[in-house]
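Worksheet: one structure, shown below.
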């Protein structure tokens, strides 16, 4: 049974992505006690699935490494993975959070030596790679995963495979008898940092994500670039695993659209500008390598404009002011064909590309109104800054469509708001 | 359970010796099998079709449809209004929507209707439905499958949905770009749907087949060609205009582009009638200019 | 310029947008367009449009009244509703196109010889008189709208189609004499007359 | 440390270590060569029993220096996290058995590796002392907020709300800043449809009534000295008086100045009274107070207004802003609503190139369209004195001319970020291009120091781009180059009100954290919690100033006798000063020239004919070392001749280590650090860069030893470069094979 010490001077942070980690660490480094819970088996969230950040084109793992180190050396933070909040009751300075922990079937004895994984052959969809490939049913979520501890997929528990994994472990780290646990934590303030999820691309019917193999989403494209990803760092067409060189990026895929997400997801323009540089990175000055960005407005705000300018100067990249009307497929080569009109003076096009990347919109990944009442969310489900929210504060992409930098900034602010609550509590009790 | 009854709006093309008369024949046939009753709206008038806007304008067009709604209220009170023709359904449904949105329009419409001695007590409650909605929603594929006596085995059929039964309203749960209900119906009748058919929602030109034949026939050609390319031997559709346009211009297209199109274009209801064991005549197959021989064979089988 | 047209030019001097909002079916949606162009790309007859819908909206805002109303672009609309279902701003584009066409036609400045405009008139007269479509008279009128000679020519072209329909009992050769419309034609006519009156009043066209 | 040192070594046999290595031999080495008083082995050192064994020795046996020969220092951190004990994590797993083939042929060389790492571990740990926090820690917890606009007031109120005392200094005679000049603000709450009240007066009231907040108006900071927890600031009032106050941390919310529109004559500003900038329009709107807005020239009601976006910004023109100010699209939309709400008949047009209304701004945009505001994508060409506006409509591809009653220019934000310390000498400029910063200097407050720091490296926060005092790090928006001083609001980055409020709250958070850390003498991010601090032997110092110049954080001043003066509170423990010192008088208790030097010397150096070369890798602990771990985890094999030593930052690498290594017979030395240049990734800003510069000079040293220069290489490594690090090591091995072994093996 997991035992967690928490009082109404403890801050509960829900979500272990970059925002949740930041909120937890910043608060802990101010001397506050924090419980950080994450629903997946490892911390890192969406950023751990990114290849590079805009505009620096630096590697997300770098910042995660620092944060993980800060977090591990800090004895005030308690991390619970595979844990989700199912209910929140109580009031500012005095909440009770019900937390469900799903079994990992591997305990803290795990040394991540990998013997268990070597012992099994069963495979499951690789969620970390958006199910673009498979992984062993006993796996380390990803190379830099923290906790650096293996996970056993429930599908092999109670099968010979499961037993094989258990037998392979010299350190009694495999425990197939683990059951789902439910904890009740008393906490003073709650930071809701559950992040975002990509909008369901299949719903954008004209683009045929569900019909055409070579139409993918921007998050999937990020995974392709990762050496440890499903394509070993190559841009390969799902239809035939051939290199895709002539790539189209479609902006506002789901965003700014009354039929889908009414808000602008803010990051997608910069994400596509960034991804257009991957084409050059991958193919050098290969003539065939091209990136075409179909857009309504390019929203490269503040100094991101510098990056936009740089990309505009790249002869490989072209911009078409147009919301693509629909996509059809070339029956012979499975190439997507984009149909539409460039509205800067009415130019009709039917452009064939090797691969289409949908700059997919951002929506909150967990609905807080499902676990508690009285928290103000906007029409898109993002948590607003509102006095009525009491001691519950949104952080990062749970509070708005934000890029990483702004999400972290916002999470730092949320940490202070939570500290204000627990300081009031301790002040009252002192 | 009580026999299902609907307030039926057949529409001009379904009239005797009109371009979709055979559609009506087949619908009447399956209504017997499925045991539902169609009560024709007495003295119904034309919906104005999509082309009616140009000369008719807004209010007159809505008045036409409102007249049918009023007549239905009067004579078939409480029954859903059901149309077999896509344009009739769309026109009526559009008016129905606008009336419920705009009190101004409703008032004006009532005023106009008075002139026809009708007093529209409009509450916007009676749904306006297309026959395929009735089949899918009130029966469901499983129910529709039960009466099948002669599965249409081995017939490859392209489901051409077209525009107006699909957009802007469409059939609940279907996508605008890739509706699957015709494929499901076809399958339910034991035939083989051509699911990869990629022109199922391409516009046939509609009324512009008359005014802009060249432009429309380019569309029609695409629709037929793709059906052939994907190995279809028959096209099925829920819309009289689609049926007419795709079927009757094949010779002209053949002349112009020297193609060899000769593909039957039938109504979903004709497939059902045959599968339910009705005769070719009951299925209205004698109404097809390009004979649906495979269906006729099955129909003639004992 | 017809009276109606002059009247409107006077009334809405320098604001074509306001004129459209007031007089064109669903015209008050024009302002909501954000120029993404999805409509332009979605139209089956798109290649035949001099000005796609999104551009027409921009022209309306820019006050290009003459160019818009005399354009035959709107007349290319097949009512396929692709634009409507794809528009990210939910503009009822099909209806706006219909509305613009109808308005131009009403003001008498729509392109005179545009076949769709002429067919639409024939069609409406056809249904307005009897209340239901008489497909035979409809097609005959259509073929003969450019006079006897071309009428016969078109008639011959369409002969195959016609015969096919007759043979299969889908066209009534006697439609000229034996077409049955609605019974209450009187009421229908009165209704339509009234409806037109009201509409004209509302649009200040009375 | 008072009590004498007692070294213990613990060797783990788990994870296959015992199967691959001769544990007995490792124990012998720890005992005989490493001089460990206690040496123990354990089957599973990281489990409770193993850890218990260690704790028992610490408590019972007085062990205070320990070597844990097991997995990488990045694994099992929680298990091996002992207080008040010097620990070395000898990496035998990722670094040895996982990076070497499991074959009989490989056995000997694998064992050599493990043997050396144990030697190195013992050699390092005995040189380490247990850090005793900063003795000169300051414990002042008051927060100074510079700037009384909405950002500054937010920081003040939020800090006070958390229980901290605040000093708020505003240069003008009133609080409120720019927001106080607005008629209304862009909404930040559902339904995002209508302009909202700024509620700035309530905020000012709240500040004035808050007993924890002390406000100085008409005041500027004329001197700032000290360090986190013990800053001393001089606050000079216009009236003449100067107070000295002590604070623990500083939030700089000095805001922005509107770009000078008089530089935009082509858009009619100055030519016609009826061309105003956005702030000018706010004035008119305030005057109208909800009524119809009248134009300046003749007081005539405005019937038509055009908003020109991106005027003087997103501009390639000399003297204009190349960036986008972010808020202007929403602001123009809001201002167009002023007109429409007062009189729907007014024609309001926004002329834009890209309409930038992120997030819920999209609802605001739609709302404006619903109100009848029209939007035209196009480029303004000219506005004449009589208000003829010529522009290109890019949708209709049309040259257009209109004559509105009023034209509003959306000009940009120019940060009030003080002097550009990097341009004005001090530290070398690593902020990359600073095009506009120079050009806008002289604008409003730019160029006048905000903080007047007495720091050796200049008076203000270093600028990043375009004169903004932003953080360079995406993951760490508050990573400042002046510890304890945090910028927020439009001085940090162009931003709107909602963002400024969030930013100001975040900055207050960091300021609070800074004072809490300072009070305990702990380092701030990224080595947060580190209790060590740099000290130096004055006797040896030659006053060369390299340390004071190269410190990325301006932590080191020069005292009256020109000796370096360390401000431990400002120090981030990167060791750049240590690496810089030519006479090696700077060191940390647990990280020094010695701790590394003795490790590299501890390696058993086979003779020239042994065919066993030695390659030394000095790897940045943040990116290169994790990359090596990843190579091990993915079982990527690399040369067994390599010996890796993690360093805090390449900036801390003292050239003596390299020459010592060469002298003691290493055949090659590889320095692995982070990416440098404009988009540098070094979290100590320029450690990697500086190392590059230092190593470019090492060539001469090698010449004198007459060794081939290619024996020493510096690489930029990304944390994901697992395959690459292995490759680089093998390349070095081949290079040695090619040019031959070093003659310096004795």
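Miscellaneous remarks
Lettered A, B, C and D in written order, each chain numbered from 1.
Keep in mind that, in the parts below, a contact is a pair of C-beta atoms (placed from the backbone, for glycine too) under 8 Å apart; a residue touches a chain by one contact, two chains touch by 3 or more.
None of the values given here were measured: they were computed from a predicted structure.
Relative to the centroid of every protein C-alpha atom shown, the closest chain centre, again from C-alpha atoms, is found for A.
Interface comparison, A-B versus C-D: the pair with the greater number of contacting C-beta pairs is C-D.
Distance from the centre of chain B peaks at D, each centre being the average of the chain's Cα atoms. Distance between chain A and chain B, defined via averaged C-alpha coordinates, is recorded as 46 Å.
One inter-chain figure worth recording: chain B and chain D are separated by 66 Å, centre to centre, where each centre is the mean of the chain's CA atoms. Chain C and chain D, compared by their mean Cα positions, are separated by 65 Å. Chain B and chain C have centres, each the mean of its CA atoms, that are 23 Å apart.
Residue positions 206, 256, 326, 343, 346 of chain A are each in touch with at least two other chains.
Counting partner chains per residue, chain B shows two or more touched chains at residues 176. The residues of chain C that reach two or more other chains are 34-35, 54-55, 82, 85-86, 89, listed in rising order. This structure has the following touching chain pairs: A-B, A-C, A-D, B-C, C-D. Per the touch definition, chain C reaches chain B in the complex via residues 25, 44-45, 48, 75-76, 78-82, 84-86, 94, 98-99, 101-102, 105-106, 115-121, 123-125, 127-128, 131-133, 135, 139, 142, 157, 160-161, 164-165, 167-172, 175, 180-184, 187-188, 190-196, 198-199, 202. Here chain B touches chain A in the complex through residues 175-178, 198, 229, going by the rule given at the top. Across the complex, chain A is touched by residues 34-42, 46-47, 51-52, 54-55, 82, 85-90 of chain C.
Chain C contributes residues 15, 17, 31-32, 34-35, 54-55, 58-59, 61-62, 64, 89 to its touches with chain D in the complex. Chain B contributes residues 12-13, 15-22, 43-46, 48-60, 62-64, 67, 108-109, 111-118, 163-164, 167-168, 176, 202-203, 205-208, 210-212, 215-216, 219, 248-249, 251-252, 286-289 to its touches with chain C in the complex.
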